[in-house]
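Labels for the chains are A, B and C, by order of writing; each one numbers its residues from 1.
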Amino acid sequence: MTSMSGGETSQAGDVGAEMHRWVSDLFPICRSLTGDGVRETLAYLGRLIPSLTVHEVPTGTSAFDWTVPDEWNIRGAYIEDEHGRRIVDFALSNLHVVGYSTPVDEWMTLAELQPHLHSLPDQPDAIPYVTSYYARRWGFCLPHSRREKLPDVRYHVVIDSTLEPGSLTYGEVLIPGSEKNEVLLSTYICHPSLANNELSGPAVTTALARWIASLPQRRLSYRIVFVPETIGAIVYISRHLDELKSRIVAGYVVTCVGDDRAYSLLRSRKGNTLADRAAKLVLRRHAPDHVEYSYLDRGSDERQYCSPGVDLPVASIMRTRYNSYPEYHPSLDDLTLVTPSGLQGAFDVVRKTIVLIEQNRTYRTTTLCEPQLGRRGLYPTLSTRGAGFALRTMTSLIAYADGTRDLVDMAELLEIGPEEAIETATRLEAAGLLEAVDDANFGAIRPR
Amino acid sequence: MTSMSGGETSQAGDVGAEMHRWVSDLFPICRSLTGDGVRETLAYLGRLIPSLTVHEVPTGTSAFDWTVPDEWNIRGAYIEDEHGRRIVDFALSNLHVVGYSTPVDEWMTLAELQPHLHSLPDQPDAIPYVTSYYARRWGFCLPHSRREKLPDVRYHVVIDSTLEPGSLTYGEVLIPGSEKNEVLLSTYICHPSLANNELSGPAVTTALARWIASLPQRRLSYRIVFVPETIGAIVYISRHLDELKSRIVAGYVVTCVGDDRAYSLLRSRKGNTLADRAAKLVLRRHAPDHVEYSYLDRGSDERQYCSPGVDLPVASIMRTRYNSYPEYHPSLDDLTLVTPSGLQGAFDVVRKTIVLIEQNRTYRTTTLCEPQLGRRGLYPTLSTRGAGFALRTMTSLIAYADGTRDLVDMAELLEIGPEEAIETATRLEAAGLLEAVDDANFGAIRPR
Amino acid sequence: MTSMSGGETSQAGDVGAEMHRWVSDLFPICRSLTGDGVRETLAYLGRLIPSLTVHEVPTGTSAFDWTVPDEWNIRGAYIEDEHGRRIVDFALSNLHVVGYSTPVDEWMTLAELQPHLHSLPDQPDAIPYVTSYYARRWGFCLPHSRREKLPDVRYHVVIDSTLEPGSLTYGEVLIPGSEKNEVLLSTYICHPSLANNELSGPAVTTALARWIASLPQRRLSYRIVFVPETIGAIVYISRHLDELKSRIVAGYVVTCVGDDRAYSLLRSRKGNTLADRAAKLVLRRHAPDHVEYSYLDRGSDERQYCSPGVDLPVASIMRTRYNSYPEYHPSLDDLTLVTPSGLQGAFDVVRKTIVLIEQNRTYRTTTLCEPQLGRRGLYPTLSTRGAGFALRTMTSLIAYADGTRDLVDMAELLEIGPEEAIETATRLEAAGLLEAVDDANFGAIRPR
């Protein structure tokens, strides 16, 4: 798979700035579970990934325990005081309106307005992010400092929205490889102007899709989805369950991948799938101080992919995890929090993990007893003190290659990095000393 | 099983003082492996538990490697000096006579008497507890301080006992539930005037039997036995082996449950049966500083229940473990060592453990992907920051309910207490979101 | 198996001095992979072990990935300066010539000679040990201090060696027991004048072979091989693969067993075979501070015995491990490093391990519930405080004898030493309370 490694420098070198530009372009769009904001976002991404297909799922469609809700669109919204002064204006920030607010055009007292207002006493200058997808209500979000100064007058409250039958929109990219087995990347596109959660996710995922598509060859196939969180993932799974279950060998939810403060791995429910092990091996080298979370700390679409009966091997790779940084979910999660280097770091980790999964095979030696490395030019011909202990990685890969451990496990056992493991295994396979014994179904082993 | 929870306050509130009264009433009776002391004890308990049945097993009956011994009864015993002064008198403490002493009526020198005397140099004011069930001898126990002052005169030694064919007596309470699966409680009734080891055991077990029988409904059936230690348990097992093996899902030896100093769990041989796991979960909440012993530290009838080939899931719940407190086995183990609160605490732990086992099921979700909690009133309809992390127990029970873990395991994984686990699972099952997939055979799982 | 235990004192008492004498006798011989030095060594050992058979395998014979090389013999070698002064002389130390050096008889400048010289700057007074088995070259080894003083003159370089078709020579001892199952001992005989690595190995192995052969009876059979390292082991395995795989229940590579500084266990690849567990149990008592190495630290013929597809349960017992002591491989590894007590200690550990393996059975109780020890004279008939906790080893062996653990595992669980485990199990088996349920295939268990 030299093609993948070769691709590293040329394609992947400096994609951080480019990703940050995409985040900036997409930032103003008012995304929600459904609606034109999602379509506009997917149209932008489709210009970057020509093979992206967009799917519309009509309101009312069943998906397991759920039903696709009405489509929400909004053109504008404001609160004006008696003098026509705008206290709150959707045009300035789409976070000002509670997601899925029903239309309203009324005059009311401050006391009547208050139950419809949301603010954060602890972060008095931030606009909170609030939604009400499944109960019809309307509301406004504003800085607590501003809310506290509202005079006790009458207000004109306008939300020019529609909430009516339409469809839920998602995007999908399928990139074929030599095998039908697939790697899944899943990210979401349902948050309005929030940079790290969520736009960092679609940006890094888009860069990964472009890099994968650019490779001259791939062993595995790739399934990359841009879905509204929760309902979108559920709809997607309900339409593709059998395919997903039979094909996905590892998958990642890509979210909160834009800041510079940490790297995080959130384990799948089973905790030790290929997705977990491969990401762990890469992170141990790339970011030895990364944070590890168990599935008890789950919070995004892995909740669906790993749910009982779906049982996909899906983990989450993040920089700082959602809900673990102070800017999470109010308006503070903006374009300053997400950086080119933050995005680049996340891109690199997922990319290296994919390279590792592409190369991950279960190996067995082709000879009984140790092979004679010397006559293959793999061993010093002169035995001096120490020579028996050199070339340790090569001889250890051979010593343990009994067809029970894949390369990721071997690297973990030998305490070597993914690159060293791949390079050594490739060299030994080329020399005819190791053979891969896992078949296309990943894990089934041919008997000796 | 609201009936069981509901029963907690009304029935179980203040049984400590009552149990202590029973211990006091039973204290003077001279119990042994066999004989009228055992019958008298069971008669007393039978007045408290009307469904108690008493069984007589004739001397000579085989039970695996053992044979029921002759029955022992004693009417009186003393040592008098030449002046007719009673040095030792059975009437003052039944510990003064070695259990199963053969009859004697002789004059002898102090030197001849000495080999028949037992005392404790380390606890010079205590009467030791000594028995000789399987070798015919006679002897007296007395405080070491008194023994040392015995003048070198002749003594009249009298034991008015009989040791002849009769029977071994035990009691049994069977309380049926909806299922044939059973919980076993086993305690012993073969020690004379010793309060913690043993009367605390029968007292707490009696209170538990009364509480269980009072419940309006039970899922499981209960088998509660009052047997002479070792030989009684072996006889009982030999008569009920197949039943026990096919029905017992968890059991406890109830012993040394009367003091106030500690809580202890002695694990079954296998160490991780339902009996072990359920008691552990309860103790972790009820007495976080409880002491845990492995089966290597065994010492009572779990030795029979867990023996190879019998293999029952039986652990021991105790306050301070036998052999671990200074009053163990001499006369210091009296009515001051056992307290109402000590008994009450043990009663509460076993009761809570039984409630947990009653409710313990292996759950599976009824939907693929997460269910929509909102439309069932189980989830806030307004999504604000933090809402995704609330209701953690409910969503985690769902997230892990894949039909491989029972509720006890789930609670351990989620680090929640038994009450929270039961309440949440009950609520989710009522909402149709979880279904129990273990059948009446406990552990067999229906395929999805 | 009292014969084995009985043999301990008489036969095995003071073999340390004897072993040291053998090492001294064998020290001057110039051994290599092949050649007359190996034959001379085996002839010496054959006088100590009459049943030793010597095998010759012709040059060119295939063995898995390897081919038996040409045979090497050497009669003399030196470097002389222009004045006929011998700078280096094989007659003084056979380490002076690179093993498998091709013949040479030439005059050359110091500059021309230098690429053929080997020395150790860090150990300037030591002669290094260097071989070149599979690439044809010649060379000399000398102290670095001497090399640095060589004047820039012309030198006469002579190696009177032959490297031509012949054979590889190894020795084999087969000692039959009641069962076909075998214990393997493997040591190597291919190093010239090096005392700890390697002559300690053949010496201790010879003493073990003599002790085993002297036993009046053995349950297991013994296969003891003296082979050139690597190629010899590979040749041996290639000729006996099926036999080895079907018969070996435990094996040890015996190497570096002559110094006084440490005890070491290098685990087999699988890490928890009988070979590992038994040696561990013995070492825990005999040398609680022994060093343990994983198979990652392997370095001798366990590399072949444990290789994938060969999969034998072979560990290594050592004093200080190869490559872990400063004298390893240069001329410093001489007769002062190896001591009678060092050899004796290693002999004792392997001997005790063999005794343990001979006695290692998987036991099951013959009765349900506890047996009545008292009527068999195994238990005090008088029950006093503490008696229930005495005889702990006996009752615990019974308590855990459920047919799932062998004696080594039981001893580990009970934290007792091998002697106590053997003695107790033997006593209980004699009393008919335990029965061995493993059959001759080691590990297959008869159903109850």
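We take it that a contact is a pair of C-beta atoms (placed from the backbone, for glycine too) under 8 Å apart; a residue touches a chain by one contact, two chains touch by 3 or more.
Model, not experiment: these values are computed from the prediction.
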item	value
Residue-number overlap at the chain B/chain C interface, same or different (half cut)	different
Between chain A and its twin chain B, rotation from the CA superposition, multiple of 5 degrees	120
Chain B and chain C, separation of their C-alpha mean positions in angstrom	54
Shared-contact residues (touching 2 or more other chains) in chain B	none
Chain A contact footprint on chain C (complex, rising order)	63-66, 98-99, 118, 120, 128-135, 137, 230, 233-234, 237-238, 241, 269, 295-296, 298-299, 303-304, 306-311, 323, 328-330
Complex contacts: residues of chain A adjacent to chain C	364-365, 367-372, 374-375, 381-386, 388-389, 395-396, 398-403, 413-414, 448
